[in-house]
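Please see the structure below; I have some questions.
Letters are used for the chains, namely A, B, C and D, taken in the order the chains are written, and counting of residues starts over at 1 for each.
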Amino acid sequence: MSQNMSVSIAGVVLKNPVMVASGTFGSGIEYSRFLDLNRLGAVVTKGVAITPWEGNATPRICETPSGMLNAIGLQNPGVETFVERDLSFLEQFDTKVIVNVCGHSLEEYLDCVRRLADEKRADLLEINISCPNVREGGIAFGTDPKGVEQITKEIKKIAVQPVIMKLSPNVTDIAQIAEAAEAGGADALSMINTLTGMKIDVRRRTFALANRTGGLSGPAIHPIAVRMVWQCAQRVKIPIIGMGGIASAEDALEMLMAGASAVSVGTASFHDQTTAVRVIDGISAYLEENGIGDVRELTGCVK
Amino acid sequence: MSQNMSVSIAGVVLKNPVMVASGTFGSGIEYSRFLDLNRLGAVVTKGVAITPWEGNATPRICETPSGMLNAIGLQNPGVETFVERDLSFLEQFDTKVIVNVCGHSLEEYLDCVRRLADEKRADLLEINISCPNVREGGIAFGTDPKGVEQITKEIKKIAVQPVIMKLSPNVTDIAQIAEAAEAGGADALSMINTLTGMKIDVRRRTFALANRTGGLSGPAIHPIAVRMVWQCAQRVKIPIIGMGGIASAEDALEMLMAGASAVSVGTASFHDQTTAVRVIDGISAYLEENGIGDVRELTGCVK
Amino acid sequence: MAQIYRESAEVLGREQIAEGIFSLWLQTEQIAAECTPGQFVSVYCADASRLLPRPISVCEADPEKGKLRLVFRVAGKGTEEFSRLKNGERVQLVGPLGNGFPLEKLAGRKVLLAGGGIGIPPMLQLAKALSRGEKQAAELTAAAGFRDSLFLTEDFAPYCRLLLATEDGSAGTRGTVLDAMREGGAAPDVICACGPAPMLRALKQYTAEKGIACWLSLEEKMACGVGACLSCVCRSAEVDGHSRVKNKRVCTEGPVFAAEEVEL
Amino acid sequence: MAQIYRESAEVLGREQIAEGIFSLWLQTEQIAAECTPGQFVSVYCADASRLLPRPISVCEADPEKGKLRLVFRVAGKGTEEFSRLKNGERVQLVGPLGNGFPLEKLAGRKVLLAGGGIGIPPMLQLAKALSRGEKQAAELTAAAGFRDSLFLTEDFAPYCRLLLATEDGSAGTRGTVLDAMREGGAAPDVICACGPAPMLRALKQYTAEKGIACWLSLEEKMACGVGACLSCVCRSAEVDGHSRVKNKRVCTEGPVFAAEEVEL
């Protein structure tokens, strides 16, 4: 049976609905040793800002049951190096590139978006307004509906590429935030970023992370992510890229059936570098076994 | 070295800081086969309402990575049967009893609290304003600071026993909710209840739970619970009973160090019925090994 | 309140007895000695990401030697883990759990044991109990329905007549357990059954029509396995004494219910 | 970009060599053949609740036979899992990772290898590489500091002089690796070290004062192990070419750094 695996996000056609989550895959350089980047629907690059960021002190990560906490603090080499080195590297691959953007202030977000305007290799922009590990950047913008609508509007005014807003799960009503992003003109949503967590080292009686709190990711949070995608899919019309704990095709299928149009594999790549490709193959096999001709039929099919 | 393991919650002295979480231990009848209830700091009973509740349809639970979802829907035999059978059963044990109370409306909460006023065996009341599995009961009250303050005030007006408010983690700013409960006169806080989650059965293409969503509990959520306890401990003066994924003494110690005065073991009892006792022994051993004379010194010691 | 034990049981033997179906013999301290047919055990995973017990029925028990046999289908990651257990390794059990079949109500009667698929194993211990001794049935027949490949059929041979059904007709009657019963001319005055929901529903209706007694062993997802969490309820016809609502706990009041007691 | 392999390696031998210290010989396809001293492998847990790799240094490698030796201390649940591996079982590895010690800069010089505690194992493969062939050191001494019970000391014997220190003085010099070096009259012109942070700090200061070259193998928590996630950075003296900030990745630019390159 012929099978369609491709999906379209804001007019950008991905060869399949599986990408890799920002910050867990660098720009793909390191992972290109383990898998063929041409197989991926898209590569989502590590958050980049207008200038280099140092990030947080170490320890920056720790393991938790079926998950991990991270407080990298958005270390990045700045958009100039990113464009020269990372976007150039990605030129050679037949996959879409989604550039994840961060900033300490609205101005910094806008500067970075502006700088990326002429970059043909950036197919879509993903705006991280949900990083729990940077005081001024990210989450402060991401938990208030008015703030989300505002920042989305400002970015949309100047962005050349379609804009994906990346939502924080650390909120009472994520669907309200999703609606605010939609009202601000977002072309798509990415969800979820990490849940704020903490681990204490009881032997040393200190925080396990230098930053005290960190973002929880991995299979542990998958049920929360599926719920949130489902909630938002009932309330917005723009496509949703679902992520949070996806480690298998089954996990990805759950996300699609809950209402996502595409998915991202994040933390699972740390455990098995080839996860994203396994997920692609598994989704394809599921379609085959169930006589489903088009992956898009799965989106929101469980009601 | 002499060792103090006892703690006081709102003037009620517990022989140690370890209790069992509401809904995971029934009223202790079944678990009395596996452990000596006299060992526990307190037994927290399954949520009880003024009249019997049927609860949700099955499937009511499913497993998730290092956790589970439940949507029991607060099935309970009603406060009359509870008092006659469960509280009477607990008469014979030298442990404190915390009665968890639920309702569909403010009136139902108040009726149940009133009915328990003369029950000497109920040492403390825990008010569940955070159950994600019942539409009108619980979570609707628990996510709005004003609502939390209001319901706390009303309950405090009539309650004979000290009142513990049980908080929902499904909020943007849990410390704000904690402050609202404190402002309403709560004597203590219990946190956290479950995080709303969802699982989809991709083979049958349906929700894994009849209720669609359920509450996520177990080790998966422990880092979130520790973070929330820590955040609230910075902002309120009333004692906090910490719970969420505690499965070992180490997990409990983290919770105490983050600011809890006592802890509850929930889902872990499903995996190992003797967990609560293992946790008590482990905390005691930790004090011994580290030359700490009083368990209360641990509360909030990591800053 | 009956005793329930938490044990670390040693694996004495592991065998694959059909496609995806495994048999485990375990050395227990108390469980094998005290269990009755139709009861089950909670089997715990070693992998820490899987918290909940897997309920598995007693397939055979040797009370003298303390040996317990579990037969299970690999249905997911937990049973897959159990299928890889090696001799000498240990597995955590809690049991015996549930009520089991009412042997005293079966003794001296014409009993038919109906097992469908992975509901067949618990019928084996029941067949043994009813084939001799004080609880002996007046007449004992087992009807077993398989998807395709057979298992445990030889184990039943010493204890009772065995009627077979397969979905594809590759062995015995083509069709269901009920088809096999009809074809085999079974005329029981009581039926004990374990198997998929459609089979139990059909038997409930069949026995109601014929006016014969029927006991059904139900399945439901379990968290505690001991009656505390209210995960595993089924709808009961009457208000239940424990729950005060029309719910009964499969792990405690069940898994075996009189057919008229429950709604399926 | 050097090749990195993901392999399922068979356990050839497991041995407890001291209190809480285990040695594993593994059969690899490529890793043992291509690794250099000071590199490490990511070892993955079978238990699904533990996602992250455990970085473990190459202790010995037999490139011809593809055999790899890891020596590790049981520090938590992951290493505890590895300590229970049995012959014939398999374990997931990714490697070889990191840069390793700069053999070309060590060849022909008076080299001292300083290992503290569980930092001793990687020194063994380095000792082997520097004791013969084109990379042979002019003089090779190893100084090993133990908490109490010794391990691997006999393994070093064929390759170099070995100076011992124990915290309790039960063997060799009472005190640290530095104490053992002083007592043993070691006068190296380059030091390669792996061990706890206080030891590395002391060596950095000592070699700076003496004006001798020093290479340090650092530890940091890792998530990807391959340079993508920026978990494992250390503070570098200069702005790093990759990160454009004063951070270097221990998993990629390290774990071995020139002492003056990093802040400890």
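The rule is simple: a contact is a pair of C-beta atoms (placed from the backbone, for glycine too) under 8 Å apart; a residue touches a chain by one contact, two chains touch by 3 or more.
Every value quoted in this text rests on a predicted model; they were computed, and no experiment measured them.
Undergrad: Between A-C and A-D, flag the pair that has more C-beta pairs in contact.
TA: More C-beta contacts join the chains of A-D.
Undergrad: Computing the C-alpha centre of each chain, which chain sits at the greatest distance from chain C?
TA: D
Undergrad: With chain centres taken as the means of their Cα atoms, state the distance from chain A to chain B in Å.
TA: Here the centre of chain B sits 34 Å away from the centre of chain A.
Undergrad: Once you find the CA centre of chain C and the CA centre of chain D, what distance in Å lies between them?
TA: About 55 Å separates the centre of chain C from that of chain D.
Undergrad: CA centre of chain A versus CA centre of chain C: separation in Å?
TA: Chain centroid spacing, chain A to chain C, equals 47 Å.
Undergrad: Take the average of all CA coordinates in chain A, do the same for chain D, and state the distance between these two points in whole angstrom.
TA: 36
Undergrad: Quick one: which residues in chain C touch 2 or more of the other chains?
TA: Where chain C meets two or more other chains at a single residue, that happens at 48-50.
Undergrad: Residues touching two or more other chains, restricted to chain B: which are they?
TA: As it turns out, chain B has residues touching two or more other chains at 65-67, 218-219.
Undergrad: Chain contact topology under the given definition, line, ring, star, complete or other?
TA: complete
Undergrad: Taking the touch rule as given, give the residues of chain C at its contact with chain D in the complex, in rising order.
TA: 46-50
Undergrad: Within their complex, state which residues of chain C touch chain A.
TA: That would be residues 48-49 of chain C.
Undergrad: In their complex, what parts of chain D are in touch with chain A?
TA: Residue list for chain D touching chain A: 1, 3-4, 6, 44, 48-53, 94, 220-234, 242-247, 252.
Undergrad: Taking the touch rule as given, give the residues of chain A at its contact with chain C in the complex, in rising order.
TA: 65-66, 219
Undergrad: Quick one: which bits of chain B touch chain C in the complex? Just the residue numbers, please.
TA: Against chain C, the touching part of chain B is residues 23-26, 29-31, 33-34, 46, 52-55, 58-63, 65-68, 70, 72, 75, 77-78, 81, 218-219, 267-274.
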